[in-house]
Amino acid sequence: MSSSRADDGLFAGVFAHGAVTPLVDDRALLQAMLDFEAALIQALISRGLAPSGASEGLAAMPAADALDLAALGRSTGEQGTPVPGLLAQIRPHLPEVTRAHLHRGATSQDVLDTALMLVAARALAALRGDLDRAAVACAALAAGHGATVMAGRTLLQQALPTSFALKAAGWLDGLTAVRAELAEVRRRGLALQFGGAVGTLAALGTDGLAVAAALGAELELPAPPLPWHTNRTRPARLAAALGTALGAMGKIARDITLLAQTEVAEAAEGGGPGRGGSSTMPHKHNPVGAVAVLACAGQGPGLVAAVLGAMVGEHERAAGAWQAESEPLRALLRLSGSAAASLAQTLEGLEVDPERMRTNLELGGAAMMSESIVTALTPRYGRERAQALVGEATRSDRDLAGALLANPEIAAALGADGIRAALDPAGYLGAAAALVQRALAAHETLERP
Amino acid sequence: MSSSRADDGLFAGVFAHGAVTPLVDDRALLQAMLDFEAALIQALISRGLAPSGASEGLAAMPAADALDLAALGRSTGEQGTPVPGLLAQIRPHLPEVTRAHLHRGATSQDVLDTALMLVAARALAALRGDLDRAAVACAALAAGHGATVMAGRTLLQQALPTSFALKAAGWLDGLTAVRAELAEVRRRGLALQFGGAVGTLAALGTDGLAVAAALGAELELPAPPLPWHTNRTRPARLAAALGTALGAMGKIARDITLLAQTEVAEAAEGGGPGRGGSSTMPHKHNPVGAVAVLACAGQGPGLVAAVLGAMVGEHERAAGAWQAESEPLRALLRLSGSAAASLAQTLEGLEVDPERMRTNLELGGAAMMSESIVTALTPRYGRERAQALVGEATRSDRDLAGALLANPEIAAALGADGIRAALDPAGYLGAAAALVQRALAAHETLERP
Amino acid sequence: MSSSRADDGLFAGVFAHGAVTPLVDDRALLQAMLDFEAALIQALISRGLAPSGASEGLAAMPAADALDLAALGRSTGEQGTPVPGLLAQIRPHLPEVTRAHLHRGATSQDVLDTALMLVAARALAALRGDLDRAAVACAALAAGHGATVMAGRTLLQQALPTSFALKAAGWLDGLTAVRAELAEVRRRGLALQFGGAVGTLAALGTDGLAVAAALGAELELPAPPLPWHTNRTRPARLAAALGTALGAMGKIARDITLLAQTEVAEAAEGGGPGRGGSSTMPHKHNPVGAVAVLACAGQGPGLVAAVLGAMVGEHERAAGAWQAESEPLRALLRLSGSAAASLAQTLEGLEVDPERMRTNLELGGAAMMSESIVTALTPRYGRERAQALVGEATRSDRDLAGALLANPEIAAALGADGIRAALDPAGYLGAAAALVQRALAAHETLERP
Amino acid sequence: MSSSRADDGLFAGVFAHGAVTPLVDDRALLQAMLDFEAALIQALISRGLAPSGASEGLAAMPAADALDLAALGRSTGEQGTPVPGLLAQIRPHLPEVTRAHLHRGATSQDVLDTALMLVAARALAALRGDLDRAAVACAALAAGHGATVMAGRTLLQQALPTSFALKAAGWLDGLTAVRAELAEVRRRGLALQFGGAVGTLAALGTDGLAVAAALGAELELPAPPLPWHTNRTRPARLAAALGTALGAMGKIARDITLLAQTEVAEAAEGGGPGRGGSSTMPHKHNPVGAVAVLACAGQGPGLVAAVLGAMVGEHERAAGAWQAESEPLRALLRLSGSAAASLAQTLEGLEVDPERMRTNLELGGAAMMSESIVTALTPRYGRERAQALVGEATRSDRDLAGALLANPEIAAALGADGIRAALDPAGYLGAAAALVQRALAAHETLERP
């Protein structure tokens, strides 16, 4: 359940952080339901189905904050939907001319589905803000650390050198992908739901589709070809996009927690006063922002599964499946927003230690550069022979540089300088710089209006 | 996120219904954290590690309701855990002698894990109440409908006759299983968590285990052999038991929605005034209780998946996985409690229509009884021949009774009376009555203290 | 685990049905891995990094069927990846000039990720075939049943009339959405993965990106801006699209099982000989195709959750998360394909009973038409008064038609003819016909090349 | 889908490793179905319902290997269940007296559910073997490393010292919990399913329960109070226990991958020849066993969710939900078995580096011992004052030992020796040794017959 004032919870700073939370809580959903009812009156007027005087009463419609939420909550249990209770609370405030057209042609599901879409639209805008901040911070890291050589790690083992710029570019690439998909969802994946009890719009006779079009325009939501009360691909796509965003953010946070390990110490979260400190252990500086992101991300897959599971409903309105959809959807919005806010803060304050990155790289030993030597020798000896030569040197007791130089074939091909160059991690970064540029370019393209 | 006042939400009547919700919301968790800190002081005193005067200050400890939840929520974001903020709020209220021992030897995770266990213990007691009510209602249906013959349906096709008593006994059997497992979880699956920062209890020197034992006794939670900060089988088992309970309740609710279909009409939810009615469609009587149960149950599997996913954490306290556990766990408690309350209400008010059950049974036609005829003929002709004879009769143009009588072999074996008896659904219920008795006996055994 | 010959399993007809299964089994994945290695040789040649003679040896590369799968399986366990074992098996077959460039610049993950994308591309093409068949069958039902009036049902209660055409159009709308998304995934969501050990392409010096471009062209997969070894949004989107497709198919199947209920009997699966029959219960005709779809769909959400959970990996190649991705992804492809094949068959053979639909509609009673009467009375009396008038009539002891006529205000407004018209379900279908046309138009637009 | 020969797949060494796989594949399930049919004949004989001669024909019943799996797979698609096809294949092999009683009183679901339980019983026995091996290896590590001091890490930051013995004891504690639960599931959670078409056992007249009891005895499965075709708590509990086992194993594997990091290097997987090596990077030694465990564990939560989702079925046999259960259940068995085999191998060969553990511990710096100093000072100054004194020293520019000694109050309380002792990690392990003994004792209790 979403609380009425979602931003004052015990874990608010972790799971209800940032700008999205107040846009998806119960009051926000309730306000969106009121917005639907008001827009419907306007749409009826615009199609000549209600007198223009009906709109005057709308000013008297109470705002969400003024409603009795506890009474609504009880009524939802009795009716199975909050709409009747909502209508009962607002009706007394409306003049008769407005009341006569209130909710006309609509069914509960129209109100709730559309309200959820409005909530999503508003939340996605706010989420975009924090995702943008995170992406801009990634882009700055990628742009600024082209010369920061570090170990690339596979299966948590040092494998080959890479640059911190490329690592940040990889993070950025993930964020670019999810921002593009969320933008697409916002542009095309959200829609008005308006079909009446079984999707025929029968109560509006021949005017149903025209009212739907007007209603969509009022609410700035596309009017879809068909009511989608039985076609839950829209909520599914929204959930999947949010779950994917949580995954992409979680990946960045996972990397940060690993870089911040005491034994690795290549990055740390910038702490404001007290941030991430430990009262009993003054030496500790916890990566609290990254941990918060991961704590949100860990809840994503199960919530997406719940929304997908709710697709399989009965006939013209499911008996239970549909009703199970809105809680996990709003949780996904809230957790995505919260994770994005924490991630942006973490990336903006990230303290990177290029010196330590280079030092750690030496842990892998010169042996890590053996692929580089093979590559340097391949033009002259072919790859198989080159691998054999380097294999021999690797197995020698000497340090790799010495062993390479002691091998006459290798020495002949590369010389001492060539060996030194081939052993320099900074010289074995392949396409890293170009890839970073590509990531930045894709990021900038997305930013452009 | 759990709200501070979880019972006043928009969907409170569906997802935050019944007695469990207020026991798992933020205030309840906070109170359990305070209970931990108070009990720790007592435990230290009992082991001679704090002066007895330290306990006097406990009276001054504020209750959860008196704390500033918004400030706590912010602090949780900064620290990654609510404990430092909590200690900061209560410290000023305590006399120095108490303050000196506050939180001694404990780490944040000790407080949160134990508080969650306390919350679970309290919530499971309340959940049990509503599950018991639901079971008692099932038992009454099973006991009272032994003579209510109805169609048993497989793949939603009428298959063979059964009794409504046996159907209710099957429901009861599921509830008996989940009540037994939840009782076992409550008795043995919950435990104190107390290990200090990394699980060694080092800050208490050689007194750690004794303090742990005293603390468990204070809180009425078993002190486990080892701190379980890294062994998340306890939360996993709790989550699984709740997810299973939601599934068992969902199964009953699914059956009720199907029995309540307009075209089946064998059962209906008893409506109080307005309950399940539709304002625009006065003929409708919605099975709102069963739908609420299904709406809760639909969220179960994904939440269990989240708790299981959180088991794989890093070292002595996970960076993200552990933190992702408490929200889905509390949601599972809340949804189980809500579903149980709705289910109990639904079953207690269930209106069963034995007449309609019998009428519907005739839809399957006499053909549905062919297995019964085969069974009756088998002693004389063997099963294969019996099947062949009945197969012929089934394919005849005549009604089955006529076709059977017209077949000399069948007529010789059974006579008109035997055919009539074999075509009577009430005579083909096999072990139904005995099975119902078994379900009732198992239910009663569980009830006994 | 996918079997080597996935099409001969015990449940093949349910979970490994249709054209997709053989395209995603182990042999198919292995072949795609071989295709990658061959294309890489070609790409190296095209960039002048290998002599053109290297391509001649490719003819000697064994096909997947010729490899020792058991040995590969063991080697995968020892190496953690099947690639070294694969290379070891094919190397002896290649001439030295080819061998010298085999796998050059690539890492295991490049081979596996790209192979999975190739498998997905091939499987999506086959899946599209069966989804198209299902959609065409839906479209035919929608086009042919405009005059088939039936009960629209919400919460499994008859609510208002609709047409079977509109129901089928709703199904079609879901299929149109998932087909569009899957086409988009196939066009833009799949991509070559090629980055070398840590994503820098270092082993290819300055030629890495050019080789990547050539390799993508060879394999007909887009070369993405960046290697995506650490950005798992592509697998996530693929999984989500398949999970959504399973949900949309499951919804249709759920409706069919409900329509096929003995007590509803509005539709039945067309049975070939023996199809869906029950040996012991000759009267039964099980909706086996729809059940198969649901059995596939039920596994979707959990599999999507697994792929999303695998997004959060460590550094340049995850230690466990990445490795957990390919099994659920292939299962999603197989189950989607299997569901689509079953669904197409089911929809193509669906037997619809318009007569029974109309008969069932009468069960709801004239009361179901009360909204229609209200709508008819509203122009004269306003909606509130109209509702009050109809409410009175509904509560009368008379049949509704009689009660309406007996009410002087209603009789004055509508007359006997008007009352009769307003009580005719076929006259209260609102925008159904127009909506059906829209669904058909969207379907046809999608079909157009 | 499970393959017919599951042990020869491309990823067999990762996902189909160890002794469980061949016990859960299609042939194994098929054999269990045959075992059911044979045992049913015996049970009928034992109750006098079939002549004793019927058992002679059982010798002629073909084994699973002799059946045509491809034909069965197709028939499953047509019938929705493999049982009719199975019966059709075995009937011709049986003498008439046996054939006449084949499958008598049973329905397809009886055969499949019971076969799945038999498969589970056999698989759990094999799984236990590998879990035992893993636990014994953990116990040896715990018993042998009491003096191995290492950093305890929270949120991936060094926090306080612990011992490797206690870390291994924590792993063991998790394994003890899951082994106990799996043993309980095996003892009490599995059961015969036997109810006939709708659970009444009607085809056996008054003999149904007696036949059920005899059948359970034949198959060594408990005969439950009621058939559980509609009560899916048994599969749910089995799935949950397996998912929990995967989580507990994944936790250990996660720790091992972290300890094996190049920069941490406190543990490494023992490599047989070639195991975990990298052909292109000879310096790498990948933790392939731990990665395999994590790759299995990552699939657990989604599969458990699928089984829980399948609990909510329709009436006496679900239309889709039940059918979705067996694939994820068998996958859970296979993945648990595979993970256990990999984990046992990994733990048995684990190479621990106590020297490096101690060296890494110094990275945290003396500051990590500040809690120890506070603890030492507390008896004299009280905890608040002690914290203040240590806080001052921590903030000084000197090394901590020097700063502590320079503080007259601290020096007075502890002296140089006391300071040195309080800074020794080995002296600040609290209850570690006692906790290790508890974990070993619980392990040994479980082992005892």
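When the chains are written out, they are named A, B, C and D in that same order, and each has its own residue count from 1.
Keep this in mind: a contact is a pair of C-beta atoms (placed from the backbone, for glycine too) under 8 Å apart; a residue touches a chain by one contact, two chains touch by 3 or more.
Just so you know, these numbers come straight off a predicted model, no measurement behind them.
Between B-D and B-C, flag the pair that has more C-beta pairs in contact.
B-D
Since chain C and chain D are copies that touch, is their contact same (over half of the numbers shared) or different (under half)?
same
Once chain A is fitted to chain B on CA atoms, what angle does the rotation have, in steps of 5 degrees?
A turn of 180 degrees brings the C-alpha atoms of chain A onto chain B.
Cα centroid separation between chain B and chain C, in whole Å?
33
Can you check how far apart chain B and chain D are, centre to centre, with Cα atoms defining each centre and the answer in Å?
24
Quick one: which residues in chain B touch 2 or more of the other chains?
80, 107, 153-156, 159-160, 197, 203, 250, 253-254, 257-258, 280-281, 286-288, 291, 294, 297, 301-302, 304-306, 309, 314, 319, 371, 374
Chain B touches which residues of chain C in the complex?
Within the complex, chain C contacts chain B at residues 151, 153-160, 257-258, 260-264, 278, 280-288, 291, 301-302, 305, 309, 360, 363-365, 367-368, 370-371, 374, 390-391, 394.
Chain D touches which residues of chain C in the complex?
1-17, 21, 26, 29-30, 69-70, 72-80, 82, 84, 87, 107, 197, 203, 250, 253-254, 257, 272, 274-277, 279-281, 286-288, 290-299, 301-306, 309-310, 314, 319-321, 323-324, 326-328, 334, 342
Which residues of chain A touch chain C once you look at their complex with the stated criterion?
80, 96, 99-101, 104, 107, 109, 152-156, 159-162, 166-167, 169-170, 173-174, 177-178, 181, 196-206, 208-209, 225-228, 230-234, 236-237, 240-241, 243-244, 246-248, 250-251, 253-255, 258, 294, 297, 300-302, 304-306, 308-309, 311-319, 371-372, 374-375, 382-384, 428-432, 434-435, 438-439, 441-442
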